[in-house]
Amino acid sequence: MSGLLDINFLEINFKNPIIMASGTFGFGREYAEIYDIEKLGGIVSKGLTLNPRRGNQGIRVWETSSGMMNSVGLENPGIQAFIENELPFMQSLNLAHIINISGTNLEDYVKACHKISRKKVDMIELNISCPNVQENNIPFGIKETTTREVVKEVRKVVKVPLMVKLSPDADDIIRIARICEEEGADAISLINTFKAFAININEKKKIFENTFAGLSGPCIKPIALRMVHEVAKQVKIPIMGIGGIVNYQDVLEFLMAGAQAVQIGTANFINPKVGEIIIKDLENYLISNDISNISEIIGIVD
Amino acid sequence: MALIEYNKPLKSKFYLLKISGKYEAKMGQFFMIKKDSQFMFLNRPMSIYDLENDGIIFLYKKIGKGTTVLADCKKGDEISIHGPYGNGFPMEVKGDFALVGGGTGIAPLFYASKQLKKYCKNNTIHVFLGLQEKNEFEASFNNYADLLQVNYGGFITDYIPYEKYNTIFSCGPELMMKKIEKQARKLNIDHYVSLEKRMACGVGACLVCTCQTKNGNKRVCKDGPVFRGKDIF
Amino acid sequence: MSGLLDINFLEINFKNPIIMASGTFGFGREYAEIYDIEKLGGIVSKGLTLNPRRGNQGIRVWETSSGMMNSVGLENPGIQAFIENELPFMQSLNLAHIINISGTNLEDYVKACHKISRKKVDMIELNISCPNVQENNIPFGIKETTTREVVKEVRKVVKVPLMVKLSPDADDIIRIARICEEEGADAISLINTFKAFAININEKKKIFENTFAGLSGPCIKPIALRMVHEVAKQVKIPIMGIGGIVNYQDVLEFLMAGAQAVQIGTANFINPKVGEIIIKDLENYLISNDISNISEIIGIVD
Amino acid sequence: MALIEYNKPLKSKFYLLKISGKYEAKMGQFFMIKKDSQFMFLNRPMSIYDLENDGIIFLYKKIGKGTTVLADCKKGDEISIHGPYGNGFPMEVKGDFALVGGGTGIAPLFYASKQLKKYCKNNTIHVFLGLQEKNEFEASFNNYADLLQVNYGGFITDYIPYEKYNTIFSCGPELMMKKIEKQARKLNIDHYVSLEKRMACGVGACLVCTCQTKNGNKRVCKDGPVFRGKDIF
């Protein structure tokens, strides 16, 4: 190991700060056929729920200017099938694995986290962007009270490091981040997709059966970077930056803004080997700028 | 990144696009292609129309933003291409074949007929195409097909002597494939359909291309694009 | 007049629903040299403040993926100089003119609105995205209390139609819109730019002296459209949709989502004649779709 | 939309780009140009290097995202172009001229020397250029300049016999223009500088290109890019 890129995040060793984002990398199997994914710092699993979900009907993807909207609707095999069929593969990989957990009510969140927390997993990422079916379908992570509730209850059952993933649609993202910290989150990742809308003007109909869908990609980067920068200044726990990263320059921006590591989502769809490329480019950047470890630039911009 | 060798406009907004390079792929697989443009963020899935020693050929139709960007490409332009992806048509097939294509669904059938001719020498290959009007590329199917029947404007499914075939590959409008499946089921023919769904990753990781099958949700890009007709309809 | 495109917005006649957004069209003079701007439905003035402002120091523009960030900092001649030097020109144009008013404290807002309201202007657009220097520099339009306060006080002095322009960074944009309605706003326009951040990785410094800057352009369209759609369903007053519109298809999306008219900003920078082009394209669309007036499609998508 | 006639790479990452069409403009004005690409959202301001009957020529240097996209353009590619914008160098000037350019600031001076030669027949035009290394375009300045002096790597400002001139046009690094202004003020020479600022609209509407002058904030795109040296420094 060159030592140039390796980082320590919550006492977990990452070969580098490049982690593949939930929902964009499956459980790693598909990209493992395309390149050596063990070069990556880590991967986050597809979002898992207590019970299996078939996902949303209708169109699930729509292209936008420098981005895309998705309405996958958390299609996943459920936590039990995941533990049986996918977790062993993820654990067998020589990289950090993070398990992304979602839910539509408090009980499901807690049960799913409880189940996975008893397995040897490196970290849990709690996705609080899912609509809370018990409270007007407003996602947990939008309001302070529901955020506090879900983080508090989940924390009680999670023994492994717990990272909470914030929604950019949150009322006040700094307040929400502070609440997560108060309730015992070990780290914060941000941001998830933006709630967005699109219309098929020919049919005079909405594109998505579910009405709204999540916007991701380079289009959201300037806002994601702002949120990471703001939150990094306001909490003491470490941060993973997410949103629109497509190249090593973007990664540097997020790290300089205060993120300890980053996640890459949509960029995988544009170039399946983007992870490999970014890691190589980061290495070259550090060498040619005489930086002995990437952590030296974290939070360097005020 | 690869270079465009040619990009010929044909009739009915069809184009033949050749991209230079060495490629290997099975019939029925597809590639993801994209040109740098503000109007094309995601890659576009395109079936293999033909493979030559020095390049790959796509047959596509200009229908929207991305294919308009492609249509404007010229020889020497750079284009990004990833693949091959998907399962492709089965190679371990037997008996006599009908290949049925409608509209852009015709694209994968040319390479399929070429491959079948090569590997299933003893079987007949009949090709049925449905188009809006006569087009320049049709004739080339005669190189590999033992019979070529093209229908303009109507339903190509009305012209197929189903009972003659052991296996059918079909690609085109859902209605077309559904009609064929009905006949195939009646006559116990192995029917394989190639599906189209909007895609993002193309490799099976993002689940935006899911389709419902008799065996649960499947990813068109990874578990397909080729499925057994009976599992879909 | 063809009648195809003309709309009635707060009893004001607009030749068409295409209005040029504040800060992107000056007071109309420059684009008037380039094409016949009287073809437009209307124009919104550059944001005006009670006193003249020199604007921000340092870099003021930064390109992003399908968008741009600006940090003009409300450079403007002040309301008095505007009334003397620019308003007569705007009034002389055969199109609707809207005066955009900003402020950094309540008193300035009220004074500026009072001054302009005594002139014959078609409409005032109240920009509540400006940081409130008296309250931690949080923009008025982010929080419910400051929004209520500024709209209430301004309404008292404004005799002409009053439209309030919302910030996408608002805690809860639907609540904020409802508050504007409650406090007597006649219409709502949304959205202003997103708060965003960018870093110069070579210099390891932030790009903007003012730290954050406003993101606009096609990148934000899917989020803007979502907000317009949501707000349109929740208030009874009419809405002008803004955010990333570059062509007639985008305009149709906003109208179908529930906006009565739209504003176009950044697109002017890409093609100075974009307004003219969009109007022509809209006309052709209506003709070939046999629609006798554009209002028929407003809010057609649920 | 216009077509690219040629786009020749020169030394030091300079390029000569010719865009077809009929254009009219004053010396010192600029155009906004842009190629469709996901890496180029805003137009890029480019000074007029030369105007021919059938097209306009720009001399630019590849320094970042946008100019890299431009550098990849080929003959026949489409490009969008708007203008001319800006005030340009004054036409009602008198006496003998020094035109001083550094780096990409050289671009507007070629068309300026051509125009001056045409309209100020009785005055001498001396051109001073500062470059990192010898470049192919230099020699063409001899077509119009009565004297051409090029300096490589050093300070071109050290080689100008200021007292000889009534008017100086300068364009280049701020330090260069500042030095010239110092001399100009001392010798009472009319000194005009052409400034560069990041732009969005290019027409004076958005105020992102404001610069501070002795007469308050001015828009480089509309009130400039040419200002009196004494108003800036």
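Letters A, B, C and D mark the chains as written, and numbering starts fresh at 1 in each.
We adopt the following convention: contacts are C-beta pairs under 8 Å (C-beta built on N, C-alpha and C of every residue); 3 or more make two chains touch, one makes a residue touch a chain.
If you're wondering where the values come from, they're calculated on a predicted model, not measured in any experiment.
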Study note, to complete from the structure: Ordered by label, the neighbours common to subunit C and subunit D are none
Review point. Which chain is most remote from subunit C in terms of Cα centres?
Key: B
**Study point:** Where subunit A and subunit B are represented by their mean Cα positions, the distance between them in whole Å
**Key:** 35
Check your understanding: Where the CA atoms of subunit A average out and where those of subunit C average out, how many Å apart are those spots?
Key -> 34
Review point. How far is the middle of subunit B from the middle of subunit D, if each middle is the mean of its Cα atoms, in Å?
Key: 53
Point to revise | Mean-CA-position distance for subunit C and subunit B (Å) | key: 48
Check your understanding: If you look at subunit C, which of its residues touch at least two other chains?
Key -> 64-67, 217
Practice item. For subunit B, write out the residues touching at least two other chains, lowest number first. Key: 38, 41
Review point. Classify the inter-chain contact topology: is it line, ring, star, complete, or other?
Key: ring
Study note, to complete from the structure: Per the touch criterion, the pairs are A-B, A-C, B-D, C-D
Review point. Which of the residues in subunit D come into contact with subunit B in the complex?
Key: 36-39, 41, 72, 74, 76-78
Study note, to complete from the structure: Residue set of subunit A touching subunit B in the complex reads 23-26, 29-31, 33-34, 46, 54-55, 59-68, 70, 72, 75, 217, 266, 268-272
Check your understanding: Which of the residues in subunit C end up touching subunit A in this complex?
Key -> 64-67, 69, 171-172, 194-199, 201, 204-206, 212, 215, 217-223, 225-226, 229, 244, 249, 252-253, 256-257, 297, 300-302
Exercise for review: Could you please specify the touching residues of subunit D with respect to subunit C in the complex?
Suggested key: 34, 38, 40-43, 65-66, 80, 82, 198-210, 217, 222
